[in-house]
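When the chains are written out, they are named A, B, C, D, E and F in that same order, and each has its own residue count from 1.
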Amino acid sequence: MGLSEILRANLLSPIPLAFALGVVAKLVRSEFTLPRDIYTGLSIYLLFSLGLKGGVELAHASPASIAWPAAATLLLGCITPITTYLVLRRLGRFGVADSAGIAAHYGSVSAVTYIAAMSFTKAVGADAEGFMPTLLALLESPGIHIALAIGAVKTASPDRAVGHVLHEVLTGRTMVLLVGGLVIGALMGEKGWTAIETFYDPKGAVFKGALTLFILEMGVVAGSRLGDLRKVGPFLLGFGIIMPILHGALGVWLGHLAGLSVGGATVLGAMAASASYIAAPPAVRITLPDANPTYYLTAALAITFPFNILLGIPLYYEMARWLAG
Amino acid sequence: MGLSEILRANLLSPIPLAFALGVVAKLVRSEFTLPRDIYTGLSIYLLFSLGLKGGVELAHASPASIAWPAAATLLLGCITPITTYLVLRRLGRFGVADSAGIAAHYGSVSAVTYIAAMSFTKAVGADAEGFMPTLLALLESPGIHIALAIGAVKTASPDRAVGHVLHEVLTGRTMVLLVGGLVIGALMGEKGWTAIETFYDPKGAVFKGALTLFILEMGVVAGSRLGDLRKVGPFLLGFGIIMPILHGALGVWLGHLAGLSVGGATVLGAMAASASYIAAPPAVRITLPDANPTYYLTAALAITFPFNILLGIPLYYEMARWLAG
Amino acid sequence: MGLSEILRANLLSPIPLAFALGVVAKLVRSEFTLPRDIYTGLSIYLLFSLGLKGGVELAHASPASIAWPAAATLLLGCITPITTYLVLRRLGRFGVADSAGIAAHYGSVSAVTYIAAMSFTKAVGADAEGFMPTLLALLESPGIHIALAIGAVKTASPDRAVGHVLHEVLTGRTMVLLVGGLVIGALMGEKGWTAIETFYDPKGAVFKGALTLFILEMGVVAGSRLGDLRKVGPFLLGFGIIMPILHGALGVWLGHLAGLSVGGATVLGAMAASASYIAAPPAVRITLPDANPTYYLTAALAITFPFNILLGIPLYYEMARWLAG
Amino acid sequence: MHTTTLNLVTIIAEPVLEEMLTRELRQMGARGFTVTESRGEGSRGIRASDVPGQNIRIEVIVAPAVVPAILAHVSTHYFPQYAVIAFVQAVEVVRGEKYI
Amino acid sequence: MHTTTLNLVTIIAEPVLEEMLTRELRQMGARGFTVTESRGEGSRGIRASDVPGQNIRIEVIVAPAVVPAILAHVSTHYFPQYAVIAFVQAVEVVRGEKYI
Amino acid sequence: MHTTTLNLVTIIAEPVLEEMLTRELRQMGARGFTVTESRGEGSRGIRASDVPGQNIRIEVIVAPAVVPAILAHVSTHYFPQYAVIAFVQAVEVVRGEKYI
């Protein structure tokens, strides 16, 4: 189908619609919100599902087939925080702390954007490789570490916390559930998996249903940041859309070189284009207190995330198709 | 099957049994209770499910087929709060605040009673129309607004809050999830729905299972109000049973006139007969501080709700069958 | 299959793996943890599922077939707290309070160990009787009552609380959900059950999936107690492994005499071998303040529970097979 | 360390009153407030939430001059009809100007 | 605004003690109490909940005359064996009679 | 009932600071602390959590001698860049030695 149909189909899929509902709820000043523990519980469930399924697939995959994609992912984890930092510092004239803080977000990855990309590729019949969750785990922390390192070096920041914070990122919820899930999934094998598949399968209705509720709340959170869009200024607005496109293109291209399918390259592009809003914010808040949270939270949550799930992913898909010729 | 069998089948279905268990737990002074966030999470899930499924059905329904039922529903939303107010004020000799406060509850609707009616009609093989959730959304707020307006006019109540409160009702959890769900459901269409059906289908096991837990907790809450039954006096006790029957009959009749099936008329009757205990209480507490919460909470939760799910719904069904001749 | 394969299959099943992940997360000093309300909500769901399914099965079972197994279970509920008390007091030279406190834990039962035993027996094709949940409910409280009675008699303990505490145990979450579920399950029958089976069936994917998350958190909790292993001393370490084996053997043997199948005897053995960590701790803390919680919590959670799900259950299964000849 | 003596007013109230109370406190001169979920019992058991006894605990640091107005307000608008209590303490704060 | 000076006794304790403590406080003359969930660390790490460090924070406003009895009670019945602390402050309240 | 007069320092801060603050408080001589989840508003709305306005409320009972050090520490390390406030009160405690 053509781009326009693809876009339309994507916009009318549950993920963007649930996100829009959350935003609208905030716009009409509704007090609706998902209880915090439910929100956390859903994110735990979603991440663990990704890990488990990824582990089951990993057991099948040949090391060779993963090696290059893994290398490409790590490379993205090193490049994207630096490009982000330089663009903001040089072109955007942002301070060191703000530039490094935002770089930590864009150097990491958004699991929900990843999920949206996976279901998009499936919907258009271009399934990504089964080992993608492994790449998701690989992309989570390097970018944050590099960005915080840049920040620590460039600022006379009180490093009383840095070491502790890096450890927190490495042992955070996302890593425990993704990596832990990968190991469990790989060890328990098909037999163990089939017994819990209906509950944990990322392609199943339970996962998709829970995801819809989670994204509804993400919409509420993003909606509460819309007011800040004015505060962040035009440069960051543009940055929040153009940077993902550049990182997305880079991700798709590296994925292509690494031998990923069209679907796989699309998802890797979406991962590179996405910005973390779970692991990065607290880490940045503690190590770069001078970085303004309004900047990095608004850019990641209220600009880049919606752009990716609404338009970015189909765009990266087109890029991947074009590269695949 | 005959009424007695229907009653027996209804009493032995999960909903009344779970409610009874909750009440019994309270009677034996058990400290069992569902964590508050879980309770809220479940209600969010249940309401969103109703909205989504209703939206999918709505996409199929012809405007014509809904017009009259919708009109009938709105009419009920205007009549029931007034009848409630007059009965309490004139016959019951209740004060203005108490009468208006209780009217706000009985003028609105209980989503769980609606769900119980839907599964009852399905069980007896008289499925209600697919667009019923739309009617549920329509009946939610008018009654509250009218009752509070009566209260504001009749009392020299500090209206410093009324406007704000009406807005809260219109943008409350129920409305966001029902209306928002309806829109999403209608937009995503069959394709989007089938991907999440197992999770959200109100006729499915996940929905019914979650509902059972939710009602178990409702039983606990109602059980903690049994002690108040003595406080509310004989009139309110009778009111909590007779008023629903009258409103139920009116709802069934209007539903019948509006062209609803036997199942649809039964459900509309149950909606009219039910009393809200989610949206109404806080609204009344703020705008009518002189209204005694013990009255409206006990009547709605400990009298009318159990009556409807145990005996009321089968009764409304008999009325509908009788009208359908 | 041989014991080694059985062990291996058991170790690589989701339950032990999820538990291990939780422990490892704590070992790497991760701050990961399931929100408390989610943890509570999951335990409520799991217990209610066991009760409902057990009730459905109970409706089929003949009183005769349950009588002896029930008697055997109650007997275990009277013996195990006393053996525990004597072993700790005489051999272990523990104080009265500590001995009675730990006895209250080992005299009761761990629902998760029960579930692990049920799914183990199913996995090896030796399904246990359908009425096992009834036995689980029977074993919950007698042991706690007896142990606390011993403690109250032997110490000049302020009995200002004992009566109240015993009531709390009898009306606690576990009893409400298990007994209540049994009654509801028995009353609603097959028809009611099939409507919610996918959600509540303990052999289904939803139950198993939720269980995995619950056990992941149990691993975290147990992991946070590993440091205490040093504090409890060598005797309690050995006790936490040898006592279960003895109680397990006793349970298997009594189950065999009571006419249970190999699977049923295995599960009864696991129940007898297990130690409660939900109902017992608060009861002991209030009535036996001199008992050191570090002892009973560490023994039950960090020693006996892992031992049972990793090695104990397969062992009890071998015993049962051997007895069955 | 230079500190200033101000007043900490604690208001325990039914949850439905949170938004109204905090808005009014700001109007009466509070520069901020802290809300904590709590539960409790008192002379009057009534609540409009189906979680009986659920309360909110609002803490607000203000200049002593503002206290009488706050107490008068809650006394007239809330004490008669709602389950609400309020109490005042003296507290030492740094950056006293922040709260005035 | 007429206010009365009373005492606010705050007791931080293990969750299992909530029901017993609040019941006893009422018996000792408290007209009400407020409970807040909290967590903490102190000299004694032991807890009987598998959520280590979970605590409850009980606040009770009473007449000064009642304070010694409360402190004596918690000192003898709870301090030795449970993770419990208590501290007292003076507070100004409206409707002083409400608490006595 | 013999009691000692000590100081209760209450710090309201962004959640991300909890571990750092409690560790530093212990280093400065606190024998324990109590943390309560809360939410609030103040002059500075910024937060690094996507739950805006979520706060923690740290209570620590210490000897008066320790208070200046604590206030100085939060003033220099936290007030400039974080949403943090602190206030001090006098409290009567039993077992005064427990906190020193």
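Criterion: a residue touches a chain if its C-beta (ideal position, glycine included) is under 8 Å from a C-beta of that chain, and two chains touch if they have at least 3 such contacts.
Fair warning: this is a prediction, and the values are worked out from it, not measured in the lab.
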**Item:** Graph distance between subunit B and subunit E, where chains that touch are linked
**Value:** 2
**Request:** Determine the set of chains touching subunit A that also touch subunit D.
**Result:** B, F
**Asked** Of all the other chains, whose mean CA position lies farthest from subunit B?
**Response** F
**Message:** Going by average Cα coordinates, which chain is farthest removed from subunit E?
**Reply:** A
**Item:** Same or different contact residues where subunit B meets its copy subunit A, judged by the half mark
**Value:** different
**Message:** Averaging over Cα atoms per chain, report the distance between subunit B and subunit F in Å.
**Reply:** 47
**Request:** State, to the nearest whole Å, the distance from the C-alpha centre of subunit D to the C-alpha centre of subunit F.
**Result:** 20
**Item:** Between subunit C and subunit B, distance of the C-alpha-averaged centres to the nearest whole Å
**Value:** 41
**Averaged-CA centre spacing for the pair subunit D and subunit B, given as whole angstrom** = 35
**Request:** Name the residues of subunit E that each touch 2 or more other chains.
**Result:** 36-37, 89
**Residues within subunit A bordering two or more other chains** = 35-38, 206
**Asked** Okay, what are all the chain pairs that touch?
**Response** A-B, A-C, A-F, B-C, B-D, C-E, D-E, D-F, E-F
**Message:** Which stretch or stretches of subunit F touch subunit A in the complex?
**Reply:** 14, 16-17, 19-20, 46-52, 77, 81-82
**Item:** Touching residues on subunit A, where the partner in the complex is subunit B
**Value:** 12-14, 17-18, 21, 24-25, 28-32, 34-38, 204-206, 208-210, 212-213, 216
**Message:** Using the touch definition from the top, list the residues of subunit B that touch subunit A in their complex.
**Reply:** 35-38, 40-41, 44-45, 48, 167-168, 171-173, 175-177, 180, 183-184, 187-189, 192, 195-200, 206
**Message:** Can you tell me which positions in subunit F touch subunit E when the two form their complex?
**Reply:** 1, 3, 6, 8, 22, 31-37, 61, 89-95, 98
**Request:** Name, in rising order, each residue of subunit D that touches subunit E in their complex.
**Result:** 12, 36-43, 55, 57, 67-68, 71-72, 74-75, 79, 85-89
